[in-house]
Amino acid sequence: MAKQIDLHDVAHSELEMRSRYTTRVKACSSTACLSAGAGPVRQALDQAAEREDVNSDVQVVPTGCMGMCSSGPLVRVEPRGAEPTMYAQVTPDIATRIIREHVVVRKLIDEHVLDEDQPFFSRQRKIVLGNAGRIDPERIEDYVAEGGYQALAGALNDLAPEEVIEIIDDSGLRGRGGAGYPTAKKWDMLRRAEGSPKYLIANGDEGDQGAYMDRTIMEDDPHRVIEGMIIAAYATGASHGYIYVRAEYPTAVERLERAIRVARRQGLLGRNILGSDFDLQLEVRIGAGAFVCGEETALMASIEGRRGTPSLRPPYPTEKGLWGQPTMINNVETLANVPAIVANGAEWFGEVGTAQSKGTKVFALAGSLVNTGLIEVPMGITLREIVFDIGGGIPNDGVFKAAQSGGPSGGCLPASLLDSPVDYESLRKLGSMMGSGGLVVMDDSMRMPDVARFYMEFCREESCGKCAPCRTGTVQMHALLDRICEGVGRRRDLQHLESLCRTVRQTSLCGLGQSAPNPVVSTLDHFRHEYLDLLVPDVSYNGTAPSVPPRPQAPDPAVTTKGGSR
Amino acid sequence: MAEARTAERAAQGEGHPSGDERFALLDKTLRKARYQQDQLIEVLHVAQDLFGHLSEDILIYLARQLKLPPSRVYGVATFYHLFSFTAPGRHSATVCMGTACFVKGAEEIVQQLEAAHDVRSGQTTEDGELTVSTARCVGSCGLAPVVVVDGVVTSHQTAESTLAHVGEVLAKEPTEAST
Amino acid sequence: MSRGNGRPSIPVTIDGQEAMAYEGETILDVATRIGVRIPRLCYLEGLSVWGGCRLCLVEVEDDPRYRLSCATPVVAEMAVTTTNWELHNHRRRIVEMLFAEGNHICAVCVSNGDCELQDLAAETDVDHIHYDLQHPDASVDASHPKYVLDRERCVLCTRCVRVCNEIEGAHVWDVGGRGSDSMIVAELSKPWGESPSCTWCGKCVLVCPTGALAFKGRAVGEMRHDPAVIDFLKTARDEGKWYERQEAR
Amino acid sequence: MSNGNGAGNGKLRIATAWLGGCSGCHMSFLDLDEFLVDLAGMADLVFGPLTDTKAFPPDVDITLVEGAVTNEDNRELAFALRENTRVVVSFGDCAVTGNVTALRNLLGEPEPMLQRVYVEHPDLDGQLPSEVVPALLPMAEPLHELIPIDAYMPGCPPSAERIKTTITALAQALIDGEPVPKATEWLFPDEARFG
């Protein structure tokens, strides 16, 4: 049996170790900051600390995402017993100065200081991302020192599986993958399902362009995901778990695999977890570039090593999933909420958010905004607050035109809806969806039909090809959008487009096809005039010679046969 | 048929007849996967890392080793976009086409790259020097538009800056050094 | 079709017609048994359910979504409407798009009438194609001594893939590529004639709903398929019952 | 029919047109046999390959159009007949879907096809046709891509029976002075939204 970790001891010695340093300098080493040059910055910090001979007083900690990716690389200086300071756009030179001036002589480098009281930070509420940007994701000790694995220990010691599900039920936690299905309901279904073994899958196949919430959670706080999975497995009776991660996220894969190894060594995974009689094996499985694998049944096909095509439901995965066994699939962000809920109680969680959408939601804020990056906000916050307070508004005096939530499956929200709250029900009512959390803001330089075409092209290329309406419908809808956007579309093309939207939505096999028309429908709802403006006037045949546009289209097709039911 | 012999020898546990050491590494992965058929995608990933792309020979080899029908292996490999079946160029430029990058003009970058190097996205130039491709969001949306050149992320790109950068990379290394 | 043992015990209504269904029967099973025709393309008795053509969607009372009749088991008191104005239009559009997707220029079906896609077009009132014809650059594989594969006429119903895997056990065929690039491939996308695993059984040809798979060297009038043979084989094999077959059309 | 500048003899004016097709549909039309006699009783054939008229006449009641739109002449004729016809029937698979005529689209632009037919496999002296032959359009397209169609008659070719049924129904409506049976537009339930 693996040795059992003593959580208390580990936390204690970690905190003691931290207290030996007078200053801790945290260097964001997330993917976004790394691509902005965080690697050399961290080197410079280390070297400067050595040169200044403050090694024993200063600890340089590589951390996960601090949030404001547009201002990276970010560095946060945390002197013991004093206010922390965050620096933006740090270069190796600035990094050297941070050590030499700020750390050594307590002189701030004013022009690079990032105000942490600004709304971008103060309007956020961090639960899932509580540790991101605060701890070294590669060290389990750091996680444990922040209270990590305490929720698991508590659950294993004091709670029956049913009681854990009850807590989740009371908390009102809903799936963060987009649809918002009550998490406890799913857990309960797996718990009640007959058959053994049961499987648990963490869905980290985040394919939405412009969305990297799950990646950040997996990269910056892998143990939180693992703890959430262990608790979920304990509650549901699953004995084997998979974390399905996109192959495009090598760092996430690496860190998760490492975290699993460490957890296993510490007795947190494998047999007799933390001395209990509960066993769980965890494994990382990587995708290979297929958006459709975010769909539950396609994801399972992919884990089984097959083509990632969705299959019919029922039977639902909780009845017959992986290899025909009961299986539950939760989004990574959903699972990352679990430890905090179990540790702090359902009531604590319920204080955040709205009556029906509780807790927080992580969004990847992108597009035409002053501040872009990763944010975690309470549910029910208005779009206006996200765009103008947190996002800092549109740069260069631009005008807000629309925000697209939910990526290619979602819809756009125009300026008139800026004051609507962001939660599952409201967004769905407005023809968009929460989605996994991509939020792209567009200014008035964007033409909405182009946006719809962009998303349709994505859906066309990501359609798996199994069902006819999605495979052929996305091709046809894209062709029609293409013609409209190129200025040679006719009224008839728009009519075909709308009728196809309805057919593809109602007849497609899986969520990809069913939601593929959403961007078209919502841009048509809010910006119909932009489509109409692009249409070529109809050709007249009343005695006048028809003018011939590039690709002439008849204004109205007529058919001899009767429509309607037979 | 050479392929059939390959398979026979492989089935007898002799590994790949070519003696290519990379197949030994592939065998190691297969053993680690306990020749489980559901590990096909993982094994394909390893094979692509080792060989740069998935040739027919490799696919046949894996089919026989995992005792899967070749058509199934082909079906799986061609379903997922990350697997490639032709050798990549010596240099690569991948333009992110995620929403954030699209909104900030990534399309223009792709078009100009294609035009300047006479190559279609997803393909390699005739001299085998450069592969131009697009990606579905590399996750650095705060830095949009993003272009990954030879694995290095470059941020806030324009068509001009990308062309200049790619030009530099191509010029840096003489062709014979990499053959 | 599941031929349930014992007595049918589940009361259902299909298009106003009351019927008793066996446990485990799908809507399509019951409808077929009582003589109500539901359009379908990928479904074939004797093969696993694929659910790709989406033509057999039906309306179930008090259910906000259309249900796939080939895959939905009946439950007691279920009231099914097999077609309505909207479903008819959905089917028509799907069939039109299937036509637009391939190069269905065919001298055979217009003359011998043996094409399920053509039948569906007639059934769903398709008299012309509203959409852009894709004119795909699809290939013809005539390398096999006995059969021909013309991908231009393939509708990706995967009957051939399933019959080869499930009934013959050879798994010569699979689907390669993805989305609109999907196509039926033999082995590693090799000429069919070179396939070492093909047993020349011809079942894939028999089940093909269009002219994508055909026997070589036959006159137009003789180019016929016989998909019903699969159900016959399966029942004989699984249940040890050989029912009398009608000869192929 | 008595409609302004028509023949004024109370008979329908029927035309046929032959665009890019094999004329098989016209052969099928001739297959109407004795119905042709009945037809002659109620209608005049005013234009088509079966008549001698050079220009498309005005005020035609029904025009059956065979063939896809594949060259400049086809396009010109299609516009002309649309302007002068009350009921245009897309007649046969080439007009309805492009069919065999549209096979050339698989080769992309017309040039490669012309090269292959006239230069690579010449029966006579290999040269591209130039002046006498009308220029090909970039794509061979079904008729409804160019002009509005009132009725479709698929078939390769449509059987004589089908032709007879169609003509009879349309002619009857015209003679009775009823609107041509344009079916409810099934495709666009949202028609109202377009005003």
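By written order: A, B, C and D. Residues from 1 in each chain.
In this section, a residue touches a chain if its C-beta (ideal position, glycine included) is under 8 Å from a C-beta of that chain, and two chains touch if they have at least 3 such contacts.
Since this is a predicted model, take the numbers as computed values, not measurements.
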Listing by label each chain that touches subunit A and subunit D gives C
Chain pair with more C-beta contacts, C-D versus A-C:
A-C
Computed distance of Cα centres, subunit C from subunit A, in Å
39
Between subunit C and subunit D, what distance separates the C-alpha centroids? Give it in angstrom.
34
Give, as an integer number of Å, the spacing between the C-alpha centres of subunit D and subunit B.
52
Just the number, please: Cα centre separation of subunit A and subunit B in whole Å.
26
Contacts with two or more other chains, residues of subunit C listed in rising order
85, 88-89, 125, 127-128, 130, 175, 177-178
If a residue has to touch 2 or more other chains to count, which residues of subunit A qualify?
290, 307, 464, 496, 499, 557, 559-564
For subunit B, residues that touch 2 or more chains besides their own:
72, 75, 79-81
Give the list of subunit A residues in touch with subunit C in this complex.
290, 307, 311-312, 460-469, 471-476, 479, 496, 499-500, 502-503, 506-509, 557, 559-566
Subunit B contacts subunit C in the complex at 4, 56, 59-60, 63, 69-75, 78-81
Taking the complex as given, what residues does subunit C use to touch subunit B?
165, 170-178, 185-189, 196-197
Counting only contacts in the complex, subunit B reaches subunit A at residues 36-42, 44-45, 72, 75-76, 79-83, 97-100, 102-104, 135-144, 146, 153-155
Mind pulling up the subunit C residues that touch subunit D in the complex?
85, 88-89, 92, 99, 103-105, 107, 110, 125, 127-130, 133, 135, 137
